[in-house]
Each structure stands twice: as C-alpha cells, then as structure tokens.
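We call the chains A, B and C, going by the order they appear; numbering starts again at 1 in every chain.
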Amino acid sequence: MFQTRFHGRGGQGVVTAAELLSVAAFRAGRHAQAFPSFGSERTGAPVVSYCRIDDRPIRSREPVVVPDALIIQDTTLLQQTDVFAGLADDGYIVINSTRDVPELGIGEMLAGRDPARVITVPATRIAMQHLGRPLPNLVLLGAFAALTGLVGLVDVQAAAGERFQGAVLEGNCAAARQAYDVVKAHVGEGVGDAMAAVSAGAPVFDRKDADA
Amino acid sequence: MRKQIEGSAAVAQAVALARPEVICAYPISPQTHIVEALSAIVKSGDLQPCEFVNVESEFAAMSVAIGASAAGARAYTATASQGLLFMVEAVYNASGLGLPIVMTVANRAIGAPINIWNDHSDSMSQRDSGWIQLYAEDNQEAVDLHIQAFKLAETVSLPVMVCMDGFILTHAVEEVEMPDQATVDAFLPAFEPRQVLDPAEPVSIGAMVGPEAFMEVRYLAHRRQMEALEVIPAIAAEYGAVTGRVRDGLISRYRLDDAEIVVVALGSVIGTLQDTVDALREQGVLVGVLGITSFRPFPLESVRDALAGARSVVVLEKALAVGIGGIVANNVRTAVAGLAIDVRTVIAGLGGRPILGESLAEMIRGVDDLDELTFLDLRTELVERELQRNRATRRSGPTAENLLRDVGAVGDPLSVRMPR
Amino acid sequence: MHSLFGNAAAVATGVFAAMRAKGRDTRVVAQAGDGGTVDIGLGPLSGMFERNDDVLFICYDNEAYMNTGVQRSGATPPAARTATTQAVGEHPGNVFGQGKDLPRIAMAHEIPYVATATVADLRDLEAKVEKAMAIRGARYIHVLVPCPLGWGSASKDTILLARLAQQSGLFPVFEAEFGEVTAVLPIRRRVPVTEYLQPQKRYAHLFGQTPDTETIERIQAQADRNLSRYHIDEVEI
C-alpha cells in the first residue's frame, strides 16, 4: 500500500487533490481511497487529506499514520505545523514552491533523506501560466506521477477530465504535463520503489516488532 | 458500472435508482453531500417524478416524509447527530404508524460538547425507536443497503435507517459498483402501501389507542421486526443474485471459523479490524471479526451461532451508554447467554477519535487483561488534569474548555492522528 | 391523518408533495388549535408558508391549551387568567404584551391568502374557505372559537362572545392577499371592550371591588389600534 498525505490551507483544494489522485490511481487500474481530515476545512486553516493506493481492495479506515509521500501545497505550513510527521524514511516529498529545496530552510527537517526524493515545483506559477488561476493541484499531481511512477500522466489527465472540461481541462492537462516533464527530466525513470510499496500488502501494525 | 466516487454521491445515486417520489431534508454535516447531490438530481429532471422539499428543520423533514408516505409515496430523508435528535418525536411516529420511510443517518457524535465527527451516538440513541437499523461497512455496502432498504421497508411496513459512518464513509472517495437502473427496477417494484390516504377509499390514520389495544399495536411492531430477521437475508440473497454481491444481510463474518477471540463491531471500523486480524493471524493470534449489519432487529441467533466457538469476545463500540458502558455489548451478552464466553466492551472512536490498527492489535493481544469496560486510546493525562482541577476548587469551570486549553487546539488534523 | 402535535403543516406538505409526484389534484387541508399553530407548530407552519405549498391551514383559536386544562398558549390574550397565569400577584393573569399575532405573521410571508373569521358568522367563514380553496399555494385561515370552560363563560354565550370579540375590535376580521389587507368585516355596533371582557371569568380579576381600570384601558387601546390598523369602520345596518 502506498499512502500519500496532502497539506494545504482551506480553500486551496487539498481535499480535491487527494480525490484526483485516487481517481488517477483508479484509472490506472489500482484500488484507491481518498479522504479528508474531516471537519477542519476552514478557509485558510491548515488542512490535511489522504490518499491510499494499493493493488488490493483497501479496507483500512484509520488515518494515514506513516505516509509514503507528502504533497505540500503551501510552504507557509512548513514552519507552522509538523508536516513531515510520520513520513517514512524513504518517503517522497513534493513541495509547491518557486524556490529550490535548499532555499526553503528546511534542511534540518530533511536530514538523512535522499535528496532525489524531495522536489519543489512552482505549481502555482505553472497553473497561473496555463489557467490564469492559482490552482496547483494537477500540476503537483503531474510532478508526483513523474517522481513516483505510481500513476501515469495520462491517468492524472484522465482524472482531470472527470472534474473539468473545456479550457480549464486543457489548461490543467498542459500544466500537469509541464510539471511531469520537468520532474521526469530531473529524476529519469523514477526514484525508489513506490511500485513495490503498492505490492507490499497490509501494513504491519506493531512498528516496534517491525523494527526489531 | 464501477466508479471511483465519493460515498455521499454514490449513496445519492443509489437512492435515486430506487425512484423515491418525495425527498425531504434539512442539511447537517456530514449528511449534506448526500442531499446536495439528490437535490441536483431532482432539479436536473433526471429523477421523475420526484418532489424535493427543502424544509426548515429535521422535525419537519421527518414530518414531510410521514405525510408523503401516508399518501402512498416512496419517501426518503437523511440526517445525522443533533438533526436526528431534533426529529425524534417524528421518528417514533413514523415507526408507530408503520410507514416505510428510508432514512440515511450519516453517523456523527452528539453534543455537548459540539462535535461534528463520527461516532454512533446518534443512531444508537434511536435503537428502541421501532426503526430497522442497518450499518454499512463500506461505501459499496452503503449503496447496496440503501437499495435493499426500500424493499425491506415496504415488505415489512416499517421504516429503515441506513447508518453509514459520517466523514469516514460519506466523504471517502473509493470505488463503488453502481447497479444499473434496469437491475434496480427489476429488484424493487413500485411501492404498494398497506395503508394510504386516498379520497376514493377514505381511511383515517393516526388514531389514539388506549390501554385496550396499545400493547397489541406495539407487539405487532415487534413481530414485524422479528419477521424482518427472515426478510433481510432473503432480500440480501435476492440482491446478491442480481448484483453478484452476496451478503448475509444480518451479520458479516471474517475469519471466524477457528477464532478464539472475536471482535464484534458495526460500520466502517470493520475494515480496519479485518486488516488488523490478518496482521495478528500472521503472528499466530486466532482472531476474527463479527460485523453486525442489522442492529435492529438484532439477530440473536446469528450472533450466538457466530460466537459459539469463541473463548473471548470484544465488543468494539462507537457509542457510550453513560452510566453503564456498552450498548451493543448488552445485546451480544443476551445472544451468548449461557455460553462460557467472556464478553468485554471496548469504547472507541468517540467524537472522531481515530481508531488505529496499532491500537486495536495491542488491545486484542492483551484481551485477557482487559477490564470489562475499556476506553481505547483514552488520554488519561487529560482526564487526570481535569479531575485534579475539580478537586482543587469548586469553581473549576467548564470541562470542555478546560480540556481544550490543555490540548492546545481543536480539531488539529495531526494532533490526534499520530501513533502513541 | 393525525401525526403529532406540532407537525400538521409539515405532514400536509408531505401529502401535497406525494400528490404532486403522483400527478393527482387532491387538495390538502391541515388543521390545528392555537397551541399547535402559534407555539409548537410555528416552525413547520412558517416553513410551509415560505415554500408556498398548496395547503390550506386552518387554526381554531380558543386562546389557550384547553384540552389539558386551560394552560396559557402564545395566543392567550393579555391579562387573561389561565391555569398557568393565575389571577394572583402584582400583575394577575397573562403577561401584558402584544401576543403572537399569527395572521400578521402569515401575512409577512406574503402568501396568497390569509383570512380571519369567528364562529359568530358562519356565512363569512364558509365564503372564506371557498375562496381559499379557489386559490393555489399556501393559505391560512384563523378562526376564533370561544371555549366556555376555558374562558369561564356560559355555553349559551359562545356565539355572542365571538361576535363581541369582533365588535369590540379585539379580534379584527379581515382578508389579506400577498401580504396586503384586501377586505375587512365592518362592525355593526361598536362595543367597549368591557362588554366582551365582563362575561368571562378569566377576566373576573379586572372587575373586582376596585376595577383594574388601567388594565382595562390598555385592552381598550389595543382594540382601538386594531380598528385603525385595519381601517375597520362602524356601519349602520
């Protein structure tokens, strides 16, 4: 099972982002489950949503405790809440920012992590270019697709097609492609073993045992 | 058709497939997405004939459903939490009159303190209201139960509550196989009311009944629920035959055959429990899960049969009967009366407290050391601090506000979701 | 059908919605007493008005909860004695306020038809019901029905008291369409409020050894204001 946690602020489409990823995974022939951090969706307030992806039907309803990936829509959250809490040691991080990772001043929090798995994408800027509106969701998912290889760009674009149409759909698809291409050029054939995580089966609950 | 869809949207579509003629609702989280979607379906003309009535309260919502059902229309409404409590007088009226209304309860806690998150306090408060109560384990089952609920209600002339966990199911996007209209039409014939307001054949409905016959009316309601114990599996089988999704209807069994320990639960936590059971069985713990789909009528025989081989039973409850403890557990104890089985109550997930697989695993492994009543992941340090305040001064202030000050924030999505 | 005390209007809406869904033209009438209308049933009634459902709602107003032993309702007039507003203390009887004027509340919803009537003029009532049934949408008729037991009056005076309520100006009889008064029943012989109040034991405390002239004057002022508000004139027959 591969678990992604989304961080953003109420109004930025954090819940929608998780839903879109689940639809993309569904389109890719996988099982997926997206859900919000219920009840906290006040405009401007920190909001969290989740998406699980697996090759088997997903039964668990517990919140994602140990995410395999983080998608962070708003860098102002980096200093405010512990967005990296619980992230698996080999987890992926996609941050919406025009700055490079070193410029974000989060080096301490990322200590020990594989730099190849942490990327920033100027998603809002790309969205503005293609859509004229600050809607970074599909840009971030395009980047996520390239980084993890978990879903294809076509799946992300298909998910967009279920929600948008006309110029907004075209803009979103183009924006997702741009992010996908940039990240793909950066990481090549994907990093790590996201696919393996999907096939790894049910989570082990006693982490102490797992560590031993 | 298989869809990746939000639970609320899927349920709204399922309700529409059942062709209700009157839908009335008052919005309350986490039910809102269901009635919003139905409102759109009706307004677009996709569901005809159907009247969507926006009412001014839940009391009116149930009352409109009562009037519509008595006039021979298939009627549907949905609510949650405080909304269910606000309509309670009409809830009892609907069952007392034998009106086959179907209502979704998007399960949510009851205040005070105000809390919009999931538990089963709302529907459990109506366990004796005379309604049939079905609990969905996932959104597929929520869809399937809604379609079956109309048939069940109309077969036994009793209203049916379909309970689905608020947010956890209503707001979860996952895959659901939607039956097509032709399948539902073939499965669910038009509503043939047992009683109807019809000027061509005048009757009165709602007479006052005194001591001379009131007990008998009540007894007959109980009889009808007992009949439902036969009807529910029959309808589930019929539905399974046309959809391929075969369920027992009354209960769900998971790895029970050789289980020494059985966890009994209702609703969406069963999925988490099944994962937990798989993990524990790999470690040699013989544990299984018994899901109760039909809480009213309570399937005493099925439960007794399912638990007969167990050594230890844990009833995991998302509601608390303050002053005694478990609600479901008392029903389970009745079911296993006379068998040498320890039945313990574990209260979990109140007000949206996440139920973590890790916590469940630890609880199950230590089942023999559990008290008769346990609160899973209770933050004892918070409790202790408040008790100390109470001891220290008479005017210790409002409990909820005191605890919030200790915690630091309300509803912080991460604060309550980290492993202990 | 009878469902509950406070939900007649909503049940009527349900019946109406069912008829509409079934394409039938069966009309719907809901009835309640003053308690079920102005107190416990006001929410559903206001909702029915606001949606403009095709329901005629008739309130039979006897100005208190008579069935359970004459307890005060929101329609109980000022100073009247009831089982829960006894004629004792500094201000005996019901609290002196403006009451809950349901016909005007109904008018504020701008529904197609609102009318008041009393049992003293059955032809007027009949005509208003007929008119109401010729109109579509939410309609409201408020009928004053004296209660001999609750008011402490002689049974033979029931019709007389209903007439005096109108002729004193305390109960204006009128019709309104879409929030505007369109017709009033003129007064044949105007009477002072005392003529209406005195035969009722619920007002006996106003007429003791020392009459409570101040309260009586305040009630008279309410009657006078009704007449000017509805432009009700005295006409010679």
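In the analysis below, contacts are C-beta pairs under 8 Å (C-beta built on N, C-alpha and C of every residue); 3 or more make two chains touch, one makes a residue touch a chain.
Here the structure is a predicted model, which is why all the values come from computation and not from measurement.
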Worksheet item: If each chain is a node and each touching pair an edge, is that a line, ring, star, complete or other?
Response: line
Worksheet item: Can you name the chain that lies farthest from chain A, using the mean of each chain's Cα atoms as its centre?
Response: C
Worksheet item: If you average the CA atoms of chain B and of chain C, how far apart do the two points sit, in angstrom?
Response: 44
Worksheet item: What whole-number Å value describes the gap between the mean CA coordinates of chain A and chain B?
Response: 33
Item to complete: Using mean C-alpha positions as chain centres, tell me how far chain A is from chain C in Å, no decimals.
Response: 64
Worksheet item: Which positions in chain A touch two or more other chains at once?
Response: none
Practice prompt. Please name which positions on chain C make contact with chain B in the complex.
Written response: 1-4, 6-7, 9-23, 26, 43-44, 46-47, 50-51
Item to complete: Enumerate the contact residues on chain B facing chain C in the complex.
Response: 21-22, 24, 49-51, 53-57, 59-61, 63-73, 75, 89-90, 93, 97, 197, 199, 204-207
Worksheet item: Which of the residues in chain A end up touching chain B in this complex?
Response: 15, 18-19, 22-23, 26-27, 31-40, 46-48, 58-63, 65-66, 81-82, 85-86, 202-207, 209
Worksheet item: If you look only at chain B, which of its residues touch chain A in the complex?
Response: 4, 6, 29-30, 116-118, 138, 165-168, 171-175, 268-269, 271-272, 274-276, 278-279, 283, 352, 354-358, 360-362, 411-414, 417-419
